[in-house]
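Please find the structures below.
Two complexes come next, and they have one chain in common, subunit A, joined by subunit B in the first and subunit C in the second.
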Partner chain A sequence: MSKSVGKSVVRVDAYEKATGRAKYMDDLCGREALVAKICHSTIAHGFVKSIDTAEAENIPGVVRVLTCFDVPDLPFPTAGHPWSTDPGHQDVADRLLLNRHVRYYGDDVAVVIAENEVAAAQAVRALKVEYEELPFVLDVQKAMEPDAPQIHDEFPGNVLKHTDIRKGNYEEARKEPGLIKVEGWYDTPTVQHCHIENHGCFAYMEAGRVVVVSSTQIPHIVRRVVGQALGLPWGKVRIIKPYIGGGFGNKQDALYEPLCAWCSTQVGGRLVKLECAREETFVSNRVRHAIRTHIISYVRPDGTLVARKFEAFSNQGAYASHGHGVVAKGMGAFPQLYPCDNLECDCWTVFTNRPAAGAMRGYGIPQAMFAGESHIDDICKAIGMAPLEFRRKNLMPVGYVDGFSKNELYTDTFNQCLEKGMAAIDYQRKVVEYQNQTGPIRKGIGLAMFWYNTAVWPISLESSSCRMVLNQDGSLQFQTGETEIGQGCDTAYSQMVADAVGIPVEDVHVVSSQDTDVTPFGTGAYASRQTYVGSFAIQQTATALRERILNIAHEQTRMPVSNLDLVDGQIVRKTDGRVLKSLGDLATECLYSLEHSQHITAETTAQIKTNAYSFGCSFAEVEVDIPMCKVKLLNIINVHDCGRLINPALAEAQVHGGMSMAIGYGLSEELKFDEKTGKPLNNNLLDYKLSTFMDHPTLQAEFVENAEPTSPFGTKALGEPPACSPAPAIRNAILNATGVAIDCCPITPHVLYRKFKEAGLIAD
Partner chain B sequence: MYDMKALYQAKDVADAVALRLAHPEAHIIAGGSDVLVQMREGKRAGVELISIQGLNELRGVSLEEDGTLRIGSLTSFSHITRDPLIQQYINVLGEAVDQVGGPQIRNIGTIGGNTCNGVTSADSASTLHAWDAIVELTGPNGVRRQPIHDFYIKAGKVDIREGEIQTAILIPKESYENTFGHYIKYAMRNAMDIATLGTSVNVRLSADKKTVERARVAFGVAGPVPLRAKTAEAVAAGKPASMELAEAFSQAVKEDINPRDSWRAAKDFRMHIAVESAKRAFIESVRLAGGEL
Partner chain C sequence: MEKHVMQYQTVHFNLNGKDVERTVDVRASLTDMLRNDFRMTSVKKGCEVGECGACNVLIDGEAFNSCIYLAVWAEGKRIRTLEGLLGPNGELSDIQQAFVDEAAIQCGFCTPGFILTAVEILESGKEYTDAELRKLLSGHLCRCTGYENILRAVKKTMYKRLGKPMPEQ
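Let's turn to the complex of A and B:
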């Protein structure tokens, strides 16, 4: 049997995407579409007193101007979480389609619908918005102060949520004589996903229903949110997700689908398109939470962790979106990665007048790893222990089981990953070579680990549904609610389906587009769960389909089912290995049978009540030009144990992309705000320093393949993990090169200038 | 879709001048890499445009009879970088404009547009200042030539008068003869960026390569317009080339420059980078000129 899983088969969408034939939202939109353009607030906090629309309405081509005074009073949540039927676990419904209470600079106050982009832009500029301004707050800890501006009435003190973890007795344990106290504050920035295709959607009405075609990761969730926002029964909403140009979590929120759908309903169901400009994507979509983390560790001189305190303050921005789950996930990693008997951990998610933070690749773990892994090297520096030795002593041991998720570390993954990475970068030799450097240009090497939970169980619903429909030629269509967003899951699915059913991979036709009217229910692309959760539904549905096929084979060949098998698209008699007929012949005969014609299909939902740890590490080598305050990344290597690789080439590409994002996170990317007005300063791709490939060395991906026992295909997370550990590895390499411990990312020349001056490395 | 009131396409320089007189409010568009971006942002929304894109006589690099190097205003960055005359006489200019944006921008962006924008961060501007370039403008009264230093009036404003268009950038022979220079673009990433600070240094050494006969240095983003550091130039002139001189030269630039505090970079940081860049560019220029330090 020719197995497909484990081979680097070509992406199922490669040809369409490389030739430009793949149809994205804008390619599908009718040219007659009206254009909707949003008027964003020019204050960070306050109330809209009035909007004078007269001039805008008189501009030729303007069809309709709608303001925050026109929208239905139906607050809705936007997070791309599965809905909870328990009101206590539902996402916070703090959004209106347009807002009179403006909570960040860039909030949505009005929308113009016009016949073309130029008229729409002119009309937005012609709107006269009068505000009653209120004080605003951008800093997460300032927002917790008693006299801070209050952003949501329902959340006095601006705290969306606080959770904690307690273990042992921190206060008592830290009294042990001889302990060394290491304390640090670590800041991570507000960054944006910068997927290549900005979010956009178009909406129209058909037969009394609203249809929205959107660049989203989560069509079935968006259907629910549009229904909630417009007060429509959910069945009156249909969402179609075509190919999309990336999402990275930004499109794991309902973004402008509700507003666009509502616009269409306000112009008689005409086709309305709403596309974000890049400047809007930065500010008025979602960003990654900036998190400030405070860690105190009490350590014995031999490197034993005795007591640890962890506090994280997560900047939620103006609206709840994904909310507390992000920092809570980061905190959850802390006691697990380096187990310690005495812990006090707290985290707070706090509203501020910044853009709303949502999901972004890593969901709290890039922040937690930057803080945690920087702190580990700070401990090593304080006690004079080698970073590698400390980690080997303290990392999660083999056999560790997390009480909540029941995740288990089955194999010696950490040491295997470390060994592989060390060999690839020649770690031990360079550690020795880079000791005691002087001079303006110095080299350094650093490492960082990461911890990652593949999926969301047991916090949230985890199920996956799929459908397989057999064709006359023995090929089949495969449909699932889990979405292709560029990560390559359609290809991985085609490989798993081929092996699970017993047909060649080229006979699997993946239906890439999701349409809530026809696609099986599924919650879409998020976490790092697509391949993992999809694999359960594929295995289960393939089993059901095979059973049907073999029963039909029995009807057609008179052989008992127990003697039959489906191998590589052929019905085989197991007893002697004879090929009785091809699957195509079986299907054709079955579909056109005058006696018993049947549609051959299978469709099931798998309940996934397991989760899986995904682990690995990064090694970085830098050259620091001290007088120029510049870091040149010489080498970077990620090592991952994501279980068995379904498609090695795609896995490598996934790692490269994550490393690239993490390099920007570590060295250059940050969305900045004017302290005086709250205005975003660099919401464009020139001033926001997304790293380019000229800023990267060759990105190297290595894998350790310990098959994950809970998954039918031995697979687990790889989507987000690559973005988790490179930034602290770079930070630790800079520490190794210069002796300077940087307490924030991105580590820009501005930061280095300040820190090198403090350290006396440069003098003016 | 651009918010454009009208587009007038000039057939030749005379036609461009006539269009400028007929439509004094209209903006000139060449490669469009700045104008179209600003129209999209709404800053130049609804404007009339005069396109000089078709004026091929303004493209290319040549030597005039007196040895002046003539760079047509519509010459693209990528053509400048690859031009043999540029490579022979003022290679640093080709290297500087090869650091603008990315390949596509360098294919459409022109040196005329880069200077007429009047922005201090333009990658060509500091080198043109450091080499005493002359700007040629053609208007209703014929050709007018002006030192580039005088061409820049203030941030975003250059001296283009009624009916004029810029037709060439000229480098006099006396400026480029036996002269070697180096440009350091200090930016936050290695491509697709504007300069946090641009530093262009050039030197002419004595015949024995021991003495600095002339050193010139200009900065971008060290003030509202590109500027020369004359104090530093005076420090170096006539002195033996040495590491000590490089240090003294670079420290002296602090007398002449005035970078500002902005959210893009702090004043003290820019000042620090200016000194370090001046030193490194000076050392590299001396090396290119055949000197030893």
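Let's turn to the complex of A and C:
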């Protein structure tokens, strides 16, 4: 009876967005708002000794200047994780609204509230901040050295956390005679999400409560964090999330909602707006963890993996935010993608004086795949085996079950994805064609796999709630705590609701905005969980709503419930298929019944205790100009198995965006810092090189649809997976073209110059 | 009083076909004026220094980043925003419809700016190659779409307006 799921239904918000009518945070803010602007530290590490506010306070239009000496002493966590009632599993509470101990260049030390933006900006410049400077450290491994500057007192040696995985006996196994040792170090950069709408929010007080309208992915979590940071009961906080201009994980943290809310409480509950400038977004929001990975593999000449060592050093930056979860997720993929009997895996998350790293599309997997998939090609080079053959021999086999998550590889999806990608890019022919090249310009082809775990169970809570309210005309409103951030979940949900309830998709009205006062609880958009976890709540709530509807239909038609069905908005008698009445007639009669009027609703919470592997691969073809140290990406293809496609056109579009982001990750994007001061050097969209319209060829997205058996709609993760494997595929294509194994991304001309010189391909 | 005289100026211009005037702070950008004084929500702020293209408007037919164009420079100009493309009954223009049909919209924040540059391209009446279209559209950043479907939408509309079939890839 599926009618809508599987079709490329037009986005439910397409018209609003195509006309500019869709309302984002700033579109909703009253023009009477006071403007808050933050004064950021101009040192990478130290203490604020004093702040002279006199001159700032005298600037006309300045209402209030608040400093790190004024804030409540309530350290709070910011990560957009579900709260844990177990203190041992709660996020690290390591920052205040404004900080005296500043830990990165760009930390928040004071805030000015003024009648207009100009006065606020002038006042920020007029603040005189006196610091006691301390030594700082930017490199992850230098931060682990014994004499490194200490960033948080509670974390000696700057290690936020270390975890490991042990299997078999690595030390013994590697002694086997005849093994080939392959060792590599792989560096990934600090990058930023670069959603086009910066984070911003506005706050005001109403009826003794604080209301924050924010560009966030996680309204219910932000509510809790604002409560914690301000010392307010959580019920005194209301968060509203309108349309947002992208998130990609940056807005999966409480960013400036707590500070903005506090500002409002300090000016009598007046409306205060706090908007980040692009330069602030780069530095004072969140970034992706730069991770340095060390891999050693002992391999038999036939390509059998005998023993493997994995070490990852994750640069957390100044505050814990999402912390260790990111590198731990990356490490978790290592033993699973290419199972091996003897393993020693360790990962460390380490504080440094860089901007705080948080969630970013892929959550540790893009870093792990860059290192892991680069290393696989390094093994292939060392043992003289074809990259495709090696992967086919060693990849996670069908029937593999992860002991912890109970995730299972049900189908031969890896090989299906590989086949599809190979056919699309004409892989085998090009591998032959690109053998034995000489000369300055060479072409190459490479591939990389990925594995991505949908949602966060069993690490933390997975639940989703939803509410459906039937209208008199048989249409319904649908609400969930899971958020539309551009990815299209409102549309996918509408399709699922239509099919699960039995009404046309046009009759589903999704309430796009979340308001913690009225929206059912949900933890929001992250972990590529929306379509997966949302599908459980939708199925369950639709079942409850249908039951109510059919019971009312029984009352109204005298037919037994067992002989009734709701199909395409009509109450149908099953035995002969006769339409007895429309759902609209049923709802109207029910609502206005003089006997027992009732509005027809259903609301349930689904707790999800399963999740699912999402799989795929990338193929890239490059042309390398060796003397110029330049790479031209000629072709790129992603193949995904994200289960059954709910909306093929939106799925394809989602893959395009992830690929574009990953091409930037592979070739051009890096947030750079001055080694002498810790100051960010390129925190703007001109100097930070994200992919533009000119920077990639046609992006090709292909799908293998193996329905995920744990999901009511056969679906699983697609939000983050597209960003996981393109960068290593490009890296491996460069290896194929030149024989040079690059050890880091982004693979800029500077990197190629260093590596080509080492390899003797170019002279000085 | 003197300060007031120096700081504010009245600007007269045509906005989406209608003559308007406003007294604005001489330091205000065109983005500020269109958003704050005219509530043109299609004019987005993404960087406010002319890097991202989200605030793009057409000034006498030419695409400009309104964030680095002073409001007072609008004097005597003909300014079009995305709001001006809509038909009297809320009908989408062909290029807006193409963005909808080609799934070229995700978060929607870069969309208005892109569509207005597309209008400038389409109104030239010229036939451009893919490479030329990419270059013409490269003043806009998008982090959601990988630009792929935006290219399709613009190209499709270009061929439709030229009355030619769209060539195969």
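Heads up, the rule we're going with is that the second predicted complex is superposed on the first by the 761 of 764 C-alpha atoms of A that agree within 3 Å, B and C clash if a C-alpha of one lies under 4 Å from a C-alpha of the other, contacts with A are read in each partner's own complex, and residues count from 1 in each chain.
Convention: a contact is a pair of C-beta atoms (placed from the backbone, for glycine too) under 8 Å apart; a residue touches a chain by one contact, two chains touch by 3 or more.
Since the model is a prediction, treat every value here as computed from it, not as a measurement.
Novice: Tell me which partner A:21 touches in the superposition: subunit B (first), subunit C (second), both or neither.
Specialist: In the superposition, A:21 touches subunit C alone.
Novice: Per the contact definition in the header, classify A:681: touching subunit B only (first), subunit C only (second), both, or neither.
Specialist: So A:681 only meets subunit B here.
Novice: In the superposed arrangement, which partner chain does A:629 touch: subunit B (first), subunit C (second), both, or neither?
Specialist: The first partner, subunit B, only.
Novice: Would you check which partner chain A:694 touches, where first means subunit B only, second means subunit C only, and both and neither mean what they say?
Specialist: both
Novice: Could you tell me if A:488 is touching subunit B, subunit C, both of them or neither one (first, second, both, neither)?
Specialist: second
Novice: I'd like to know which partner A:507 touches here: subunit B for first, subunit C for second, both or neither.
Specialist: A:507: touches no partner chain.
Novice: Counting only touches as set out at the top, which of subunit B and subunit C does A:653 meet: first, second, both, neither?
Specialist: second
Novice: According to the contact criterion defined above, which of subunit B and subunit C contacts more residues of subunit A?
Specialist: Here the partner covering more residues of subunit A is C.
Novice: Which partner chains sit in contact with A:91 here, subunit B, subunit C, both or neither? Use first/second/both/neither.
Specialist: Touch partners of A:91: none, neither subunit B nor subunit C.
Novice: If we overlay the two complexes on their shared chain A, which of subunit B and subunit C does A:248 touch? Say first, second, both or neither.
Specialist: After superposition on chain A, A:248 lies in contact with subunit C alone.
Novice: Once the complexes are superposed, what residues of subunit A are shared between the subunit B interface and the subunit C interface?
Specialist: Residues 118, 685-686, 691-692, 694 of subunit A touch both subunit B and subunit C.
Novice: Looking at the complex, which residues from subunit B come into contact with subunit A?
Specialist: The contact residues of subunit B facing subunit A are 1-3, 42, 45-46, 186, 188-194, 196, 263-266, 268-269, 271-273, 275-277.
Novice: So in the complex, which bits of subunit A are touching subunit B?
Specialist: Checking each residue of subunit A against subunit B gives 116-118, 121-122, 125, 627-629, 668, 672, 674, 681-682, 685-687, 689, 691-692, 694-695, 748-750, 753, 762, 764.
Novice: If you look only at subunit A, which of its residues touch subunit C in the complex?
Specialist: 8, 10-11, 13-24, 26-27, 31, 118, 193-198, 243-246, 248, 275, 277-278, 485-488, 649-650, 652-654, 656-661, 684-686, 690-694, 696, 698-699
Novice: Which of the residues in subunit C come into contact with subunit A in the complex?
Specialist: These residues of subunit C touch subunit A: 27, 35-36, 40-49, 51-52, 54, 81-83, 85-86, 90, 92, 96-97, 99-101, 103-112, 115, 134-135, 137-138, 140-151, 169.
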